[in-house]
Amino acid sequence: MEEWLIMAYPSDRTALVVVDATNDFISEGGKAWPGVRDVLAEVGTVATMKRVLDAARAAGIQVLHAPMETQPWDYGPWKHRTPSHDGMFAAQLFRAGTWGAEFHPDFVPAEGEVVATPHKTFNAFHGTDLDTQLRQRDLDHLILCGLTTNTCVDSTGRDAVERGYHVTFVSDAVATFTMEMQQATIEQNWPRYAHRILTGAELVTELG
Amino acid sequence: MEEWLIMAYPSDRTALVVVDATNDFISEGGKAWPGVRDVLAEVGTVATMKRVLDAARAAGIQVLHAPMETQPWDYGPWKHRTPSHDGMFAAQLFRAGTWGAEFHPDFVPAEGEVVATPHKTFNAFHGTDLDTQLRQRDLDHLILCGLTTNTCVDSTGRDAVERGYHVTFVSDAVATFTMEMQQATIEQNWPRYAHRILTGAELVTELG
Amino acid sequence: MEEWLIMAYPSDRTALVVVDATNDFISEGGKAWPGVRDVLAEVGTVATMKRVLDAARAAGIQVLHAPMETQPWDYGPWKHRTPSHDGMFAAQLFRAGTWGAEFHPDFVPAEGEVVATPHKTFNAFHGTDLDTQLRQRDLDHLILCGLTTNTCVDSTGRDAVERGYHVTFVSDAVATFTMEMQQATIEQNWPRYAHRILTGAELVTELG
Amino acid sequence: MEEWLIMAYPSDRTALVVVDATNDFISEGGKAWPGVRDVLAEVGTVATMKRVLDAARAAGIQVLHAPMETQPWDYGPWKHRTPSHDGMFAAQLFRAGTWGAEFHPDFVPAEGEVVATPHKTFNAFHGTDLDTQLRQRDLDHLILCGLTTNTCVDSTGRDAVERGYHVTFVSDAVATFTMEMQQATIEQNWPRYAHRILTGAELVTELG
């Protein structure tokens, strides 16, 4: 059996990174919530994210929060906006200072937890201090959950692999706009580069 | 109509980036070729890549080649190899100095074209001079083709978007291990962040 | 004559980046101000920075502000703090929410100007969105001023060169802890990699 | 006493990075050698570099070589060349395939040692796989030596600090064009951000 299949999560080198657990995405009334509510409900994403967060805290694993947050100078003047940038700009998603950019009540950072500087596209490492905060704590195993599966979570996980991290995706603690998108990423892509793909229940058992 | 839908490709700011067009992937007898041969055949990938390359050259668009190439010190001693790293290491894929790491005869760089320093995982920007070579030539529109659709091509395109490039994927000038993987990326993911998704024929018409 | 010696600053591709113009550094009463006050006075740094800022605004050049700002989770738990990190941590420099982290009154961002996400060590590109904000506005000429000459300003300028920008340092719109440090950077280092080194007066004349 | 003052170099987490130990710089007859020969002689740089390399090998510390190497497509077509780029381009320094780009005989990589992909400006991390090779071996303490003190060595060390490494400069295993430049960096800059500054003799004693 491959070493990575039986590897545990050393508590002093493991981090849980919660991606985009803000009101605009996962709270009823959030601006992007209508787009993901069906998958959130079918997968049970938010409750699983919370169980994973509780288990990480109980196990003494460092928690980092990686939210989007946008400013008046973002997107509008950019020369090469993507369809996602256009959508975020039009709806003023995750606008700093609004309720939508605040953390969902279940995912408010606790003392000692890190809030990475906000990412502006998908990858929570790009243009943020996430890597610095992880490296300066000697953390090299990442457990990833949050939204959306095929954009921010996947781009963050892909870059984590490039940066030499051990990467675990929690397959029912993520969500996106359709179940077809959800499955495409989990089934077709993650087995190519994830070190591990676990359900929340499997992960909680391991951390317990 | 959105501006990006009608945008042309300014020849002095556009680059064609050919990803991993080496013998181990796209030449009969290449070590990884058996894994992708069916999709290559069904899609007609190699012939389309060649048509796109010819059209770019005819249009005076800068061509950059972004190959993998591995050294004796890669992968083996790494602490967090992915399944893909394991596969590349076991098979000694793209090993520097071997035929497998050489360019397929149709994709040998011409004079004035750039060969980026090799990437070691998926993203042709990560740990390479690709970004420097593009920026120093003031190129900000990228046309991407090559292998594999959901790993190197997609990771490169995702990072290009993060870095502020305008990104076009050529949907029949890419290939991967199964058609299901191929479709998952093209249909479920690229519409979220690509600026444009064109067939080779559509692109050649625009460049012509 | 070399092209770079006679090059003007195209207003649609030039940016002024003001580094660390916050109260803790350049306002009387700031925590780090006693360390730099003598050089600020001898060089006339703050007044020159203001003249440069005014000239950039008048010329329609994009202004970006690149401040430090620190959070409770910075530095303390880090494994490899430098002497500078130790100093910032001990004095709680640039702590978010305090007066010290606010901009000096002369350098408050105007509408349409960008405030980059904060850097945590020296380089205003590292772990921030500065590069994204510049690239997405097609800006590739940087004019740099601020503090300190040999740490944040120089590290930012060095990385700008690596990233392919045209870099101008304004030699009397910078300051550091001693005149010896100041001269070491301006005379011994910048001529190796700066595209241009101008006084504020020279720059204002060119922009005018 | 500060922890970092008494910290040893754990052999499984420490790396020696030798910067630009190629013929064009440090061998008689190299194209850039006339510019640095006086400082090399006064400091005794090459002999000290060799003693440090021998000590690292004897102590079982991972050695990485970080050379420059340039291709026909470098510098010439770049829009923002620095004075250093101009010099390298005009003299065809470190041109791939020439003797000048080969390692000086004392610094030929041994089996198991890493040769990072070449850097093109100063920073041996920028656009190279150096960070990946270090992280994937869990190495987080860097010992730096090579040329030149205030360009490649300093830019590499500055970026190493940003990336969270513990950084040691070996003050007599480096050289540059004048002793004034040499001293400016060692005395004015490194004490701001180096974790340690040691002579070769001090380092060899510690590793012994």
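The chains carry the letters A, B, C and D, assigned in the order they are written, with residues numbered from 1 in each.
To be clear about the criterion, contacts are C-beta pairs under 8 Å (C-beta built on N, C-alpha and C of every residue); 3 or more make two chains touch, one makes a residue touch a chain.
By chain, with names taken from UniProt: A, B, C, D = Cysteine hydrolase.
Keep in mind that what you see is a predicted model, and the values were worked out from it rather than measured.
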Quiz item: What is the touch distance from chain A to chain C, in steps?
Solution: 1
Quiz item: Since chain A and chain B are copies that touch, is their contact same (over half of the numbers shared) or different (under half)?
Solution: same
Quiz prompt | Farthest-lying chain, centroid of Cα atoms versus that of chain C | solution = B
Self-check item: Whole-Å gap separating chain A and chain D, where each centre is the average of the chain's CA atoms
Solution: 37
Practice problem: Report, in whole Å, the distance between the mean C-alpha point of chain C and the mean C-alpha point of chain D. | Solution: 27
Quiz item: Where in chain D do residues touch two or more other chains at once?
Solution: 78-80, 121, 126-127, 131-132, 136, 138, 140, 162-164
Quiz item: Once bound in the complex, which stretches of chain B touch chain C?
Solution: 131-132, 135-136, 138, 140, 162-164
Exercise. Using the touch rule from the top, collect the residues of chain A that touch chain B in their complex.
Key: 2, 4, 78-84, 86, 121-123, 126-127, 140, 150-151, 155, 158-159, 161-167, 180-181, 184-185, 187-189, 191-195
Exercise. Over in the complex, which chain A residues touch chain C? Could you list them?
Key: 71-73, 77-80, 111-115, 117-118, 120-121, 126-133, 136-138
